[in-house]
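Note that the chains are named A, B, C and D in the order they appear, and that numbering of residues resets to 1 at the start of each chain.
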C-alpha cells in the first residue's frame, strides 16, 4: 500500500512594504518595494510533528527585510535581494535555498518653480519593476522583469490568415488597435558585475521599440521580436519570458446612427481576453536551475 | 397613517470604456475614458407601475456615449460631458437633469530612437483626471478634479501639540514622512470659454507646490493651503474639495538589532489610515446647485 | 473682492480592522468589522495655522475603536457605533458631531462530524452588513444596510415598452436574467429599544422576497417594491435607499454554430452596466438630519 | 555564437464568463464559471514569420466555450473542461495539448415563505471551486481545487519552540488565532467514473475538520494533516498542494488604557503575512505529467 509523504514545501513572509529614504544630503532619495522571502530546506519536523526547532520564523524574516534595508542598503533591488538570500542560506543551518521576490514602485521628483524638488515625489504609476533571486549551494540566479506595463498602438497591427474551424466567426483585419499589459521576465546568465539599472532601462527601450515599430501580424510575432531584441542587445540575458493579455479594443458599430467609424471609436473590453505567453531563449543557454521556481505564484 | 412614496431617484449607464483615436494625420492622438451618464426626471411610472414609456434605456445611453465620441469628438472631457448632458436634457422630454461623470486615463508617447512615436503610447499611470458635469433648465455646472494622485514628502512634515485624551499614546514628531493618495475636486464658476486643459495643468502645479514647500504641521494645514493656492490662482474656481488618506509610513524599530534608524527605513502600512477631508471656498461663491450631487457615489 | 474661507471639513481614522472574540465559554463567538470614525467640529486652527490643540489624533481614534470592542463590547455593530459616537461628542470638547461607519463580515460555524464547532468558522462571504451612526447635540441617527448582496433570477423579468430615440437599438424582452449586487441602506426613526439583528434579518427577507416574486417590468419597479415592503413591515424604518447595478447577462448568440440557445447560455458582462438608484420613503418621515452625510464616500 | 530560439509558448482565451441556466422544468439550475482555454503545439510560424495558418483564434475559443455550455452542458466543471480539452486536441491539427482552467462561483437558492425558490439565488460568496484539466496524446489529467476559502479558529493553535537568530523577537505563544485564505489543489489519479461533486464536497469536509480539530503547533503541521486526511479518505487523489497565507490577527495592546485583553480583541492585519506552501503526496504516486503546468499563473 502507498505511504503518504511530504512533498515540495516552502514558506516565508510575503509582501513586506519596505520604504527606504536616503537622507544624507538635502536631496533625498526614495526606494519603495514590496518584498517577499521564501525559504526551502528540510522542514519535515515542522510538518510531521509540529516541531519548530528548525524554523526561522516568518516574523524574523520580516525584521530582516527591514533591517537589511539599512544594513546593506536598498538601492538596487537585485543587490538587496541577493544579500537577503545569501544571508538565509549562509547563516541559518536548516535553509538550503532562499528565494526573494521583489516589486519596486518608481517615484519621480516633482517640479516646483522649474526645479526638481529635494524631498517630494509623485508615484510614477507606470510599470512595476520586479526581481526574483534564488540562492543555494550550487549557485545564484537573478530574474529581472517588469509587469503592469500598459502599452498600446493605434495602427501597425494586423490579424489575418488564421486557421478556421466551425467556431471561427472572427473577421480578419489589417489594421487594428493592439494593446497589452505586459509582464516580462529575463534570466541573467550570471550575477556579478552587472549594472542592474542600466540593463533594466535598456531592456525597456528594446521592448518598447519592437512593440512600436514592428508591423505586427500577431501578438505572438511581436512578443518574439521583443524577446529576440533583448537577447541580441544583452548577452548577459539567457532567456526572456513574456506574458501578454490581448486587451481587446473593439471598433464600435456606429452605423445604426449614420455615423462613420473608421477605427476612431473603440470599446475597451474587460473580459475575456486573449492571453499569449512566449519564451525566447538561446540554444546554448545555461540551465535555469531553480530560477523560475516561484513563491507567490506557486499555486495560481 | 403615513403613506409610502417615491423619493430621489436617478439611473443611467455606468462605466462605458470609450477610447477615441484621432488619426487624421500619421501622428495619432488618443483619449481614453470611463464615462457614466445619469438621468433625473419624473420616472414615477417606471417605479410604481413598471411603465417604461418615459425611460430612455441605459443601452441607448451607452450607444450615445460611443457615438458622441465621434459626433462631437472627445478631446476635452469637460466639453464632451457637456455635450452629452445638454443632449439628454434638451432632446428627451422626460429628462430634467443629466449628470455625466468621467475618469480619464492619460497616455504618453513612447520614445523610439530619440523621437516621439506617432502611434504608440504607454499608459501614464499617474493620477486619474475627473470631470462631473450637471445640466438642467437652470444652468450648467462643471466640477473638475483628479484622484489616485500619490504624493510623498520625506521631510518637512510635523505633528505635535495635539489634544490628549485617555487613548492618546501617539508621540509628537517634528519630522515625519507625509504621503497621500489625493482626491481633489474643484467647482468652476461658469462653463464658457474655459481652457480646461490649461486650468487642469495649472491646478496640479499648485497642489504639488503647496504639498512640497509648506512646512506642514498637519495634513489639514497642507490641504487648506493647497485649496487656497488654487483659489488664488484661478478666479474661475469657486470651491475646492480635498480628500486625503494619510498613508502612514511608520519608522521601523531596528534598535533590537543594534541598527540605527534615523528615519531611513519605514513600513508603509495599509490600514487603518487617517482620512482628512476639507473644503476651501470663497465667501461669495455662487451656490453649488446640483454640482456635487453624485451618481456613482450616491450610496457609499 | 472675495475672501477665501474654510468650508465643510471632517477627519478621522478609516478602516480599523477590529476582530472581537467572545471566549467566556468553550463556545466562542466572533465579530469581525471594519470601522471608521469621523469627527466634525471647529477645526479651523488645524487648517489655518496648523495648531492642533483641538485635534484628537486619528491614532487615538484607532486605540478607542479597539478598546471599546472590549470596554463596551462588540455584539451589535449599531450599539458599538453609538457608544463610540456618544463618547466623542460627549467627552471631547471640540467635537460637535461624530459619525461611525462600519462594515461587518459574517462568519458561520463549521460543521465537524455533524456538529457545529466551538471555535472554528468560515467567512460567510455573502453580503456585507453596514451601519452608519451619527450623533450630535440634537440627536442620534442610525442607518442600517447591506452591500455586495449578489442576487439573480433566471426568469420573471421583462424590459419592454421603453422610450425610443435615435440611439435606441435595444430589443424589448419579456424574459431575461436579472442580476444585481445590491447596496441598500435604511434609516431608523429612532435608536432606542431596537433589536438590530432581528430588523436586519427581517429586512433581508423582505428584499429577497420582492426580488424573487415580483414579475419585474424594470429594475426600478423591483427596487421600489423592495423598499415599499421594508417600510410596510418595519414602522421603525423611515426611508430606504437602494443602489443596484444591472449586472447584464447577455444571451450568447450560438446560431452561427447551429446551436439553439433558448436563454440557457449567457455572457456575464463586466462593463458598462446600468446603475439604478432609488429612494422609498414615508410622506411624513422625520427629517434625515445628518444621517446621510457620508464620511468614506464624501468625495467619490 | 549562440542562436536565438523560440522556447515554451502557449496561448488562449482567458476569463470567459459563462453562465448556464437549466430551465427544462420550472425549477431552474444555475452554473456560473470563469473559464480559460490554453493551447500548446507547434506555433513557430506565428512567432517567427507571423503566419497564422495554424492558429485557432482566441475568438474561436471564446465561441467554443459558450457553445459547449449548451452542446455538452455545464453541470460538472471537470466534465465540461475535459470535453473542451479533448475537442481542441482531437479536432485541430496543430494542437498537441490543451489546458482548461475554471473557477466556479456557487449560488444558493433563496428561501421565500419557507420554501426554496425556483429561479432566484444569491451568490454563495464562500470559496471558489477550481478545476484545471490537461489533455494530450499521452493522457488526461484533472486537478480539482478551491481558493479564497477563508477559515479561522480562535483557539487551538500554538507557535513556540522555533529557531532563534539575531532577528528573532517574536514571543512564543500557546494560544493564538489562526486564520487563512486557503488555496488547495488535488491531482486525480485518473479521470473516468469519478463523482466530481461528491469528491469535492468530501475533500472540503476533510480540510475543514483537520483545520478545526488539530491542536496546531504551526500552520505547516495543520496543512500536512489536511493533505494527509484527503489522501487517506480518497484513493483517487494522488497528491494535494496547499498554499496558505497566515492572516495575522494580532492581540491588541489595551494595557495603556487599563483594559484587560485576554485574547479577545485583535487587529486583523493586511501585510506582510506568512505564506506557507506544502505538498502532500503518495510515495507511489503516478507521475504528474503536465498536470501542474499552469496557464494563468505561468508568469507571476
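Quick note on the criterion: contacts are C-beta pairs under 8 Å (C-beta built on N, C-alpha and C of every residue); 3 or more make two chains touch, one makes a residue touch a chain.
Since the model is a prediction, treat every value here as computed from it, not as a measurement.
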Per mean C-alpha coordinates, the chain lying farthest from chain B is D
Take the average of all CA coordinates in chain A, do the same for chain B, and state the distance between these two points in whole angstrom. 30
I'd like the Å distance between the centres of chain A and chain D, where a centre is the mean of that chain's Cα atoms. 23
Touching at least 2 other chains, the residues of chain D are 16-17, 63, 67, 167, 169, 256-257, 270-271
Chain contact topology (line, ring, star, complete or other): complete
Of all residues in chain B, which touch chain D in the complex? 166-167, 169, 256-257, 270-271
Using the touch rule from the top, collect the residues of chain D that touch chain A in their complex. 2-17, 36, 38, 43, 46-64, 67, 91-92, 94, 159-163, 165, 167-170, 183, 185, 216-218, 220-221, 223-224, 227-228, 231-232, 239, 241-243, 245-246, 271-285, 294-300
Applying the document's contact rule, which stretches of chain B touch chain A when the two form their complex? 16-23, 28, 30, 32, 63, 66-67, 69-71, 107, 110-113, 117, 119-127, 149-156, 177, 208-209, 211-213, 249, 252, 254, 256-257, 259-270
